[in-house]
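Please go over the structures that come below.
Shared between the two complexes below is chain A, which pairs with chain B and chain C, respectively.
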Partner chain A sequence: MNLSFFDQFASPCLLGIPLILLSLLFPTLLLPALDKRWLPNRLSALQLWLLNQITKQLMMPLDKKGHKWAMILTSLMILLLTTNLLGLLPYTFTPTTQLSMNMALAFPLWLATLLTGLRTQPSATLGHLLPEGTPTPLIPALILIETTSLLIRPLALGVRLTANLTAGHLLIQLISTATLALLPLMPTVSILTSSILLLLTILELAVAMIQAYVFVLLLSLYLQENI
Partner chain B sequence: GLLSKQHLMDVRLRELPAWLATCDFSPQGLLGGVQRAWISYYNKYINVKRGGPAGISMLLASYCLLSYGWNYQHIKGQRWRKYH
Partner chain C sequence: MLSRLVLRAAPAALRSLPPPLAVGVLHATRALHTTQQPLAPLPPLPEKGGEVRHGLIPEELFKFLYPKTGVTGPYMLGTGLVLYLLSKEIYVINHETVAAICILSVIIYGVKKYGAAVAAFADKLNEEKVAVALAVKNKAIQTLETAIEEEKKEQWRVEGRGYLFDAKRNNVAMLLESNYRERLLLVYNEVKKRLDYQVAMQLLRRQKEQEHMIQWVEKNVVQSITPQQQKESIAKCILDLKALSKSAQAAV
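And then the complex of A and B:
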């Protein structure tokens, strides 16, 4: 029974301060505040470009009322991107592997989109529970199904992010353990395993970025339906 | 008077205790010291016209080291473990 493989997800404490605090505060150092200049330095220029691309991509399908959500969605995107990518460095802690944190991000934002819809256009929001053109006998069943799918959205959002990152980190740890264990016994197999590890790391980099994007994209889609 | 105005890098080794006595160790003082240290690092390595990856890489490396130090008590148990 290998308890130690899951120990990487337990937040260690030093002097009573958990590492999760450091991993949540560290990204702020990497995002410098803007000076009064237009192009302050290369880091800021790159980040401004990235922020522009993200904002354009997210806000294009939304109408003017949805643009009020621009700041929260882009800051959420930046948070998820930085925490996911920083978690791939050795010995660092990824706060987004904790289901509590992802549910705390997903649930209030989903609820906000739902309540916005129920307040501004209640009949249209309830009308989403029945797709157009369904045959009449199927209507009760379909309403139940659509309601379930609506209520399960925050759970899906949170668990998707958690599961993807946790699985990736576990795989990296397992394969690196295998590589190190095989090194004295069968060096050629160890080299093969290390090439798998390299490919997996590239995959994890991609997954870190994609999962952040998917989270925010789905939220913006839920917003589009309801605003 | 003159000693407190010098930066840490300009203080001679034998003057170090005297310089430390002039420091402000209250919470605001420490916070101000941390802020000045960060701003001087930022302006020296990152806030330059043609910066490279060096500034950010040093920051990330120090983050890795700090995380290692934070985890040390837990990692110490892994040294002599037979099956990981």
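And then the complex of A and C:
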């Protein structure tokens, strides 16, 4: 089939049934079921180790109240990691390239942190809007700026993830098209382009993992401020 | 009643299957909730996974095709399939193919390079768990063995108790003996003191008597010396002295 560049970003649909939910749930099928055994097989052992590391890393700066968020943050991390990494395979659809999906993840979680902060320690949360040690004439302007930066956080979270992944995928498509197009014309340049593509693929692997981590890390930071 | 039959037969039936199938059947039948899950003993995990060739294709396919098509059979099948898909344009080569080649080469490189290391790491995680438990068990055994040693030592000490009592008994006997001898000595000394006193008294008496007698005799003798006798004795003494002096001068 002949693909245009943006077919990979089209939300999958089969006979009119949207498959986005299936594409979100699919990675869980790949993760091994948590064995009730004490000594699991290698895959389960690695998965358990990875989960432990992620949870420790995320929960270390938080105090005991923040540990209530451990489950959701760890599962969010695993979701983003798996969907991003699976999206690098050919002909796959990456749900996190859809802005709607990322906003749906970022906005409620950010709002939850903000409301937690406003509920439990309102004056401290509002106090974050003014950094310490600002000279007095700057205070009104700075409050406005800080409020804007606070309100733009969910947008930033969602758009960061979308933009990174979409840009990466698009670049891969473009450079591979260039490679294919140059192959009959100038094979040497084609090989050069394919080496660029190889490096780009490695970069995309890294970006996929880093973006997932950054998303969850920023959420945990907002939580730290507000809890 | 039938369910009870199934319940009793289930572990044996599970054990008869090869391990990968047994685990699969266990998980599959659990979802149906038709019988109680045969919980114990859990079928053991298979030692290694199913054999695959080239990381993807199970060995069973090769074994299946070997009698009819020999060693190259499955490869011919694969090549034929690929060529069919390509020539009929069922699979179209487009930019995704190039991207696919790239990502697959990266993945295969990664797996070949780090696969063994990751597997060793996973094994190490498991071994550490086992090592911790074993350490606990060994420590407990060690503690108990030390306790046994201590107990044996205590029992040996108890045997020596007899010697201890003998020694103590000897000590006490010696103390009594020495005490008795001290008192004996004391008695002897006291008696000797008394007897010495008596002897001293007697000696003193005799001495006094002697002195008294001597004095009486002297007094009487002095009284009896008349003046005439005195003059005569003095003259004799002078004559004796002169004689002696003459003999002395002659000797010199």
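One rule holds in what follows: the second predicted complex is superposed on the first by the 223 of 227 C-alpha atoms of A that agree within 3 Å, B and C clash if a C-alpha of one lies under 4 Å from a C-alpha of the other, contacts with A are read in each partner's own complex, and residues count from 1 in each chain.
The definition used in the following text is that a contact is a pair of C-beta atoms (placed from the backbone, for glycine too) under 8 Å apart; a residue touches a chain by one contact, two chains touch by 3 or more.
Here the structure is a predicted model, which is why all the values come from computation and not from measurement.
Undergrad: Touch test for A:171: chain B only (first), chain C only (second), both, or neither?
TA: After superposition on chain A, A:171 lies in contact with neither partner.
Undergrad: Considering only touches as defined above, state whether A:38 meets chain B (first), chain C (second), both or neither.
TA: Touch partner of A:38: chain C, not chain B.
Undergrad: Kindly classify A:179 by the partners it touches after superposition: chain B alone (first), chain C alone (second), both, or neither?
TA: A:179: touches chain C, not chain B.
Undergrad: Just checking: does A:205 make contact with chain B only, chain C only, both, or neither of them? Give me first, second, both or neither.
TA: second
Undergrad: Now for A:90: first (chain B), second (chain C), both, or neither, which partner does it touch?
TA: So A:90 meets both chain B and chain C here.
Undergrad: If you stack the two complexes on chain A, which partner ends up touching A:197: first (chain B), second (chain C), both, or neither?
TA: Touch partner of A:197: chain C, not chain B.
Undergrad: Can A:50 be said to touch chain B (first), chain C (second), both, or neither?
TA: Neither partner.
Undergrad: Of the two partner chains, chain B (first) and chain C (second), which one does A:30 touch, if any: first, second, both, or neither?
TA: After superposing on A, A:30 lies in contact with chain B but is clear of chain C.
Undergrad: Both chain B and chain C contact which residues of chain A?
TA: Chain A residues touching both partners: 2, 40-43, 89-91, 177.
Undergrad: In the complex, go through chain C and note every residue touching chain A.
TA: 27, 42, 45, 92-100, 102-103, 105-106, 118-119, 121-123, 125-126, 129-130
Undergrad: Could you please specify the touching residues of chain A with respect to chain B in the complex?
TA: Touching chain B: residues 2, 4-5, 7, 12, 14, 19, 22-23, 26, 29-30, 32, 35, 40-43, 86, 89-93, 177, 181 of chain A.
Undergrad: Which positions of chain A touch chain C when the two form their complex?
TA: Per the touch definition, chain A meets chain C at residues 1-3, 33, 37-43, 45-46, 49, 88-91, 172-173, 176-177, 179-180, 194, 197-198, 201-202, 205.
Undergrad: Under the stated contact criterion, what part of chain B meets chain A in this complex?
TA: 38, 42, 46-52, 55-56, 59-60, 63-64, 66-71, 73-75, 78, 81, 83-84
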